[in-house]
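Two complexes, one shared chain (chain A), two partners (chain B, chain C).
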Partner chain A sequence: MDSKHHLISEAYQRRKKGWDKFFKGLFWLAGFISAIFIILIIVFIVRKGIGPFLPSYPGGAYPIGKFLTGFQWRQDSAIYGVAFIVINTIISALGALLISFPISVLTALFITKIAPRSLSRIMTTIVELLAAIPSVVYGVFAAGVIVRWVDSLAAMAGFSTYGGNSLLAVSILLAIMVFPTMTSLAIVAINAVPRELVEGSLALGATTTQTNFRVVLTSAKSGIFAGLILGLGRAFGEATAVSMVAGNSMIGPTFNPFNITRTLTSTMLAGLKETQGLDYDIRFSVGIILMAVILVTNLGIHFVKDRIGRSMS
Partner chain B sequence: MKRKLSTLLVVLLVTALMLVACSTDTPAAEAPAETPDPVEEPAEGLSGEIHVYTRDATSGTREAFEGGIGFDKDEETLTASAVETSGNGDMASKVGNDVNGIGYVSLTTDFAANNLKPLNFEGVEPTIENVLSDDYSLKRPFSYVTRAAGDFESDEAEALTRAFIAFITESEEGLSAVDGAGGIVDLSSAKPWSEVAETVDGFDPATDYSGITLRTRGSTSVDKTLKAALEAFQAEVAFEFNMDHTGSGDGFKRVLGEEKDGANAGDIGFASRKFGDNETVSDGMLSGEYCQDAVVVVVESSNPLSEITQQQIHDIIVGQLTTWEEL
Partner chain C sequence: MTRKRRIYDGILNALTYLSSGIAVIILVMVLQFVFVRGWSGVNFDLLSKPYWSGNNTIEFPQFKTGAFDRPDHLGDDIAFSEKLGIGLSDGLDAYKEHQVVVEYLDPESPLHHGVVSTAGVDLGKELGLSEGSNIVNLMLKDTDDKIVNVGAQRKSTAEETVAAMDNISEMRKIYFKTEGGGINGSLKATLYLIGLSLVIALPIGIAAAIYLNEYAKANRVTNAMRSSIELLSGVPSIIFGLMGVSVLFPITQLMGIHTVSIILGALTMAVVLLPLIIRQTEESLKVVPIDLRYASLSLGATQTQTIFKVILPSALPGILTATLLSISRIIGESAALIYTMGTFIADRPRLDQGATTLAVQIWSLMSGEQPNFELSSTISIIILLIVLALNVSVKLISYRINKKWSVS
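And then the complex of A and B:
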């Protein structure tokens, strides 16, 4: 009896361990595949992107100093300076966040804490729908509607615009595009704040508003900033829609919101399908710069997040 | 109580926000009705900065435009304040939305739909008739030249080349394919391919040409119209084609010039210009032009301007002329 039981148990144990090993391997494989894609993309972009600056480049190397510090991007005279484009990209994305971040955090608070249940369900659906709209549709909307707003706004301010194609149009467009990402993440984060914290705050005599701002938002900080990072990533990375309203200026940087601008992504996209040689390869170099900009800003946001947490607690 | 108060506050805030949103909406909604006012006022003489729109450096239309206005790419540079557009349609809609804009589009563009006004160039109206009669000068021909008679890989290849040239220059099918791809052709004298085919020397529709590959070389600008024509020709005759286009300079070179027996040799060479004096196209079996590519300078439709000279548009493009008053 005892030995029989032992036998069954051993076979069962072996089978169980076998399955366990199999699934462990499967997880490793999944992790490996996703990691390999990131590595593949980075290696490919870096290899292609560094090419134009190496002496072995056909037609001669493009000076890397001129590329990194240049304030002109002129394909027609083969001048490729990326410095002003980096500044433009950061300005347009920050402008978008400036418009979008407060609205999305307040919307998330409204949906989770203030709105009646039925309304909050409708609002959640609306936010999700916004997230599902393809970027090219936003682009068409921007090229048809937002530019008109900007144009009439500029006319009121006494500026003449290039048909509304401008830095401001890019920022408004990006603000609308990053809004659903940031709001959804903020909703999740706010819902995850323990009830006890909120009730404790109310029990201590804090008003709902005080509780919402001082307790709920600070506790949900991590998730809200995760949304901010994702939103910023989208703002930096959006190419199609931005290209439709940026105007692609050849010099810069652009500080006047009614002037045309040029972002890293719109630079990579403009004429991509018809070009070749240096003008094609240097777009990969712009890709490296874009990845670097995103990395640096993400680190910056993490830094800011830690600071905010400390000063509030 | 407090909770109710704050709820009320939020509701008020949202309502206020909505009102603000509405009020910013209003000028936008009225914009189409309102904008014509400030636009039509300066109708006697538009003032302010000229907004130059251009295409990206790889565009064939840009090449045709800059060539046509005497802009020397190597000596001069485009004004740095120009807006770069991504295509003909993008250019059309952007200039159409900018009272101060000036740009250029291909002649086949729908001007009215894009709120554009085509400008007469050097006093000549941009119409298909004026392009075909050579009166309108902001244009370029798409020229072709074939290998010399007897210098083809086979008699069938020579006959097929002859047939294709007849197809693209004389037949209804060929001309309308080119027309559909944006080339400007004279459709009035076109005949059905079945009629044209009979007039081609050495070509017999009953022969099997499916093993023959027609090799086209030269200008990249002819790509679209030529491909359309080659595909339309495949519907009539079974054959293969190979397009390897690298620039107008190679059109003559790879058919009659120094590379005619090289690895990149072709049967028909193309140039998006007239062949030069040193390109002796008379050596070829056939040569000529199969269509025209015309570019039109456009402004927004309310712009009072209706004429422009080559000198004026050239000065605008290089940035010497920057305001409408100077025009």
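And then the complex of A and C:
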């Protein structure tokens, strides 16, 4: 190789290397931006949500103790107590899971193990369709249909309702909305159960049904639990549809399924008009509580799951 | 197998059938509800009509009655005035209020030639009555020189209104409402939002996916990056709304926008979409065979060249999937947009002002004192059809990707 050619080639190589470095930096920056947002979300919302409780808040600080332990939420007289709302949120989500969890797991088992191939494909599509329906559409459905079910159920039980808006309506709505999430995770979990386990169970003389319910579901339980957690997260965080049927009670907590309720998310959306002032800023405080509730329940379920897992093994 | 065992197994299996049946019933009921309540409202006019009906009062400086023939195509339920050439029917608006609707207007009718009589910038401008409008009040002098008021406000039926019209000597003024209840503004706002969000989110998301899949070493920093992005996808959308107005609002303020706006909504949606785009793109980068990279590099191409000329083209179907799923997500999104774009239905949306998307228009319609189920259901049908079409496309694409790489 003559030296001149060698020199050109070196400059060329350097330039190419420069571009390589530049693009690597650019790609890294994109990754960094994507990753940093979760931190920005937490920092900014916590900062803005704590604002109303600090002495420097314009118009005077709202007592944080009253906020955390209050059992009344009245926008009109500026009383903001979040304790009963947390209880309501947890009750309505648990109610939803109570309805939805068994149905999801059984449907997943049906799709993966029991249904004939064609039927299983149809059911998979149906679960995907249910997952694709946007939450406002479920909200319209809930405000038009579910409330009427609840109303007639209440009439049969001798209760009266506020047009069907109630804790029960919220739970049924959420049950429908978390169903696709939990079902698809349960399907994945069941499909991941090793074939040897199933065959071993069959070889020992268990019937197919026994194997499905005893062996398959037990081995898939950690995946099914993951679906439960995801479903619970969705139930806590769902806002627009829930707001349409919650009824937004001012006091609580609500234990009667036919009574109106108020969840953290419906509180954040209710009567949203101004974009400043205490009534607006306190929604960020509710946002902190919402994130905390999701985090704590996730950790709690993990803890319970570990305990169950250990006791069973 | 004992008899008891068989019965027990049968019951358990029946339970799984029952559960699946419940899922099917729920889907059918949701679809049935929105289609029954909303199908009658689905037509192309809806897409071009504004939501707010315009209030107009017009007078007629030169007014001459004519002699018009009733056209054959008018139905029996439409009252026709032979002096004014107008066909009217009784109608109900979304809130079950009585309306006197202009169904037909003869091209030669004198009612085309009015001028605006209310004070304002439009005073004196020519404005005619139009088909689809609701005649709220019509003031005229009858043949006995008596002032007569008819129209929806007076609870006059179409027959009564036409009877008064045929007895006219002089027209005073008409107060009418142009037809509203459309979704033109929300449709435009949705399209703006989709375009803008994708322009922001796609480059960042794809670049981030390339970094994670092609460059990132398997170490703790990369793991932290991955789990941060994973966490982002689990954040409820209402929290994204709070994020928009606290983290991103200062950015739009730098652009000189001091209220909620479509731009703020787009920035927020871009963040919502990032995890989805990154995951989909990475999936498609993963299935590109490593041999392709080696071949390109050994031919002397740099890593940058390899990425842009070899890997990205192969990952294109995955990026397309990500785009379609993103559009579907934007169309269905509501809570985050209520915070960042507001809930006021804008007929002429602008990027630097608040507006509603189709989904948020539903929220606006439902959260008022009197929920408007009809229009909400109609919009729901439109949203469902779009989302369904997008999902089918995604399935077709992923089917083709699988076929492509399983052959090679």
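In the analysis below, the second predicted complex is superposed on the first by the 273 of 313 C-alpha atoms of A that agree within 3 Å, B and C clash if a C-alpha of one lies under 4 Å from a C-alpha of the other, contacts with A are read in each partner's own complex, and residues count from 1 in each chain.
The rule is short, and it goes like this: a contact is a pair of C-beta atoms (placed from the backbone, for glycine too) under 8 Å apart; a residue touches a chain by one contact, two chains touch by 3 or more.
Values in this document were obtained by computation on a predicted structure and should not be read as measured data.
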Simultaneous placement of chain C and chain B on chain A, clash or fit: clash
Which of chain B and chain C A:164 touches, first, second, both or neither: first
Partner chain in contact with A:260 - chain B first, chain C second, else both or neither: first
First, second, both or neither for A:219, with chain B first and chain C second: neither
Partner chain(s) touched by A:209 [first = chain B, second = chain C, both, neither]: both
First, second, both or neither for A:243, with chain B first and chain C second: both
Touched partner set for A:128, first chain B, second chain C, both or neither: second
First, second, both or neither for A:16, with chain B first and chain C second: second
Broader residue contact with chain A after superposition on the shared chain, chain B or chain C: C
Touching partner for A:75 - first (chain B), second (chain C), both, neither: first
Contacts of A:92 with chain B and chain C, given as first, second, both or neither: neither
Footprint overlap on chain A, where chain B in one structure and chain C in the other make contact: 110, 114, 143, 145, 207-209, 243-244, 269, 275
Contact set on chain A toward chain B in their complex: 72, 74-77, 110, 114, 143, 145, 147-149, 151-153, 155-156, 160-165, 207-209, 243-244, 247-251, 260, 269-271, 274-275, 279
List of chain A residues in touch with chain C within their complex: 16-17, 19-20, 23-24, 26-41, 44-45, 47-48, 102-104, 106-107, 109-111, 114-115, 123, 126-130, 132-141, 143-145, 176, 179, 183, 207-210, 212-213, 230, 233-234, 236-240, 243-244, 265, 268-269, 272, 275, 283-284, 287, 290-291, 294
Residues of chain C touching chain A in the complex: 1, 5, 8-9, 12-13, 15-20, 22-24, 26-27, 29-30, 33-34, 37, 203-208, 210-212, 214-216, 224-225, 228-229, 231-232, 234-240, 242-243, 245-247, 259-260, 271, 274-275, 278, 302-304, 307, 328, 331-335, 338-339, 343, 359-360, 362-363, 366-367, 371, 373, 376-377, 380, 383-384, 387-388, 391
Residues on chain B engaged by chain A in the complex (per definition of touch): 2-3, 6-7, 9-10, 14, 24, 27-28, 31, 34-35, 38, 48-49, 51, 53, 56-59, 73, 77-78, 80-86, 90, 93-101
